[in-house]
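Letters A, B, C and D mark the chains as written, and numbering starts fresh at 1 in each.
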Amino acid sequence: MAGFDKVVTSYAEAMAGLTDNMTVIAGGFGLCGIPENLINEIKHKGTKGLTLVSNNCGVDDFGLGVLLPNRQIKKIIASYVGENAEFERQMMAGELEVELTPQGTLAEKMRAGGAGIPAFFTATGFGTPVAIGKEERQFNGRHYILEESITGDFAIIKAWKADRYGNLVFRKTARNFNPLAATAGKITVVEVEEIVAVGELDPDQIHTPGIYVDRLIQGTFEKRIEQRTVRSSSVATGE
Amino acid sequence: MAGFDKVVTSYAEAMAGLTDNMTVIAGGFGLCGIPENLINEIKHKGTKGLTLVSNNCGVDDFGLGVLLPNRQIKKIIASYVGENAEFERQMMAGELEVELTPQGTLAEKMRAGGAGIPAFFTATGFGTPVAIGKEERQFNGRHYILEESITGDFAIIKAWKADRYGNLVFRKTARNFNPLAATAGKITVVEVEEIVAVGELDPDQIHTPGIYVDRLIQGTFEKRIEQRTVRSSSVATGE
Amino acid sequence: MALSREQIAQRVAQELQDGYYVNLGIGIPTLVANFIPDNINVMLQSENGLLGMGQFPSEEEIDADLINAGKQTVTMAKGASIFDSAESFAMIRGGHVDLTVLGAFEVDVNGNIASYMIPGKLIKGMGGAMDLVAGADNIIVTMTHASKHGVSKLLSNCTLPLTGKGCIKRVLTDLAFIEIKDGKFHLLERAPGVSVEDIIKLTEGELAIPVNVPEMQF
Amino acid sequence: MALSREQIAQRVAQELQDGYYVNLGIGIPTLVANFIPDNINVMLQSENGLLGMGQFPSEEEIDADLINAGKQTVTMAKGASIFDSAESFAMIRGGHVDLTVLGAFEVDVNGNIASYMIPGKLIKGMGGAMDLVAGADNIIVTMTHASKHGVSKLLSNCTLPLTGKGCIKRVLTDLAFIEIKDGKFHLLERAPGVSVEDIIKLTEGELAIPVNVPEMQF
């Protein structure tokens, strides 16, 4: 089993080899299903000049937002950002480069990156600022633009359960971008809530096969909720 | 529930609307996970001039092969064919058009068709007969060709379990092309071994969400084995 | 009188059909879920990877792993399914969603929509809106007909950066239900008590007006 | 003496490393699974959607829903996973498989491979072979060095339609282990008892021969 045992026992080991100016793809949507401890490890390492690829950029003190105060992020490729003050400040000051990418295009770019597809056509973004500088072409009378895939030096992933081979199962909408990001990292690091014995996961029910996973660590998670909305009041209260 | 209840009670109803010269995408790999009763229904209907999209074309008396004797197939798009005599005869006689497509490209063409991606670049087939007439382009110094997606008037699918909403679960390698084909049919018809109550399938473990499924029927299956290979002898004996 | 946010949602809900898979955007569109007629079933798609979104959770049911595209905690309806973001947008981009309802800053007579970016203001991003407008055949845009200052949002040409080009066919505002075709706005219905003249005044793009413009029914 | 099919498989198996994900083609490559060293673990990928292919089933274990890419009934190894064909080829095309072993009719000094089609003969198709050769960085082609009639299969230029262009770096034949680089075949090892001259005679493409060509060790 040694050769397929992906488990590492420290976050330092999990993120070993991450150096300045690398590209990191992160799973998660909002604060849901984010690799919170792997992000914190990047903060502690102090790695700088990073290009982050993630649907969002966390909030001021949680998620990818924690990489902002020390200016660790050079550029972020995301679909929706600006949930925190420091992000806005850096973006407005031109200290942080932001490449806005439609959410579905972003997901597909990660998948394509992992799947060896360098580019694909999509109607999303045709005729919008997203199309600027991109090839346009018609198929069956509809307009499309050419989008290129994304790969990262690292991918950082949060899953629910894994076996030691790195077979992953995600839970509810914490799945989101995680399985896609997992395919697109040269080194894919996964943190999970529980590591089970090899053979315990039903082969038919594995969301991400271990072939995509390089390192695996068990962590504990805060799982902060961004919009705690309940039935009685139906009112969203920001946290 | 009425609006989402996809269950039909006869194979005639399941394949209603299929007419001559339509394109049908079929799930299955070899004889594994093929929609055997839906194929038989097409035989009984006698629909002609069909374009079939399927990784293989069955054998002489089982699977898509049963559509050959009455010349129901005009063209087949497949990666590997010729496991039966009548197929060879029709192909050699020019009565059957065969478009050979690499297996991974075929799978991706179906997925792209269902996902609204009209075309994608792949390295597969560059510099080979598959590339003839296709655009070639380099990305990061590697050569790729442009492949267009596939959609069908009908997709015929075999799954293991479903709920009445058409949420599907596949079993072992009978999954293969089925989930991809399911996304690419204008009308997607699924036959399953078991229909369970809505709510019984774990939402985290549904392979194909019901949104892709139009009609659902419970059937009984022969599940013929093409190469029955056992451990004691390790010798393959064709059936 | 101009429709309230709830009334806009209520009128949109009349367009729902039994068995529809529906994606509701943030804001007024979200409210549509409160007005689904009792005699039909619809399934709500949330683009972060959930088909079959249920109501908000009770305090006990709250689950950090179960949110909607607005990042609100939600529950799952019976028959729900979960999938990754690529699959979610395959559904959307591939045209499998029956109806999409979303907000906008501007629409124009050519079906263009601007909804994500006001130059000079903080740009938060398009999220899934560009995918939704490019993927759906059947979209209803909900918005106020004009700004507080009386500036029309139904234009000859959108002035803001576009979210999508030529993809909007129906707009429901607080004043009117409008169809876009042949390069014109076509007035289908007016809000109760709102006159055709009120609507003409606040519609900058060309407006085609039939002889009879019925009031919306609630 | 020329290697037997089993010996070819055995020599290929020496290239396996602990923790390798491996795709074995039909024919000789399949036999490699029988020679995996005891002290290492490899996982076999079958492109019809199985990672972690086990041994053939017993009569009792036979399951029509569980086959390999050669359509043979198989079992699953511990830690196996199942996925659809698009995911399977995403793995392959995306370069996630560590080693691919497959047969061929011809290879040439530029790393081209012809393996699926002989004009005039019945063409059954390329199956997954084009995807495998285009996706893998690390491929070993296994084949006989020459036809029964002594016609070399290691050529200056492939004569048959290609399966892949410029993608083959290593070839193991019944006579030799050869690396392809800089437009030449480089002789790395010879089969026990086979002389360099024997190999030269049956190699049509340019062959670079180092001073010392060791015999394969088994």
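Just so it is clear, contacts are C-beta pairs under 8 Å (C-beta built on N, C-alpha and C of every residue); 3 or more make two chains touch, one makes a residue touch a chain.
Quick caveat, the model's predicted, so the values are computed rather than measured.
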{"item": "For subunit D, the least number of touch steps when starting out from subunit C", "value": "2"}
{"item": "Farthest chain (mean CA position) relative to subunit A", "value": "D"}
{"item": "Contact-richer chain pair (by C-beta pairs counted) among A-C and B-C", "value": "A-C"}
{"item": "Separation of mean Cα positions, subunit C and subunit A [Å, integer]", "value": "28"}
{"item": "Euclidean distance of C-alpha centroids - subunit A vs subunit B, Å", "value": "33"}
{"item": "Intercentroid distance (Cα basis), subunit D paired with subunit A, Å", "value": "36"}
{"item": "Residue list for subunit C, restricted to those that touch at least two other chains", "value": "76, 82-83, 86, 89, 92-93, 135"}
{"item": "Sequence positions of subunit B contacting 2 or more other chains", "value": "108, 111, 115-117, 122-123, 170-172, 175, 203-204"}
{"item": "Category of the chain touch graph - line, ring, star, complete, other", "value": "other"}
{"item": "Those chain pairs that satisfy the touch definition", "value": "A-B, A-C, A-D, B-C, B-D"}
{"item": "Parts of subunit D lying in touch with subunit A, wherever the complex brings them together", "value": "17-21, 40-43, 45, 51-52, 76, 78-83, 87, 89-97, 135"}
{"item": "Subunit D residues within the subunit B interface of the complex", "value": "46-50, 55-59, 61-68, 70-74, 76, 82-86, 88-89, 92-93, 112, 117, 122-131, 134-135, 161-166"}
{"item": "Subunit A residues touching subunit B - in the complex, by the definition given at the top", "value": "108, 112, 115-123, 139-140, 142, 144, 148, 169-172, 175, 203-205"}
{"item": "Subunit A residues within the subunit D interface of the complex", "value": "1-4, 111, 113-117, 163, 165, 167, 183, 198-199, 203-204, 206, 209-212"}
{"item": "Of all residues in subunit A, those that touch subunit C in their complex", "value": "29-33, 55, 78-83, 88, 92, 98, 100, 102-108, 110-111, 122-130, 143, 160, 170-180, 207, 223-232, 234, 236"}
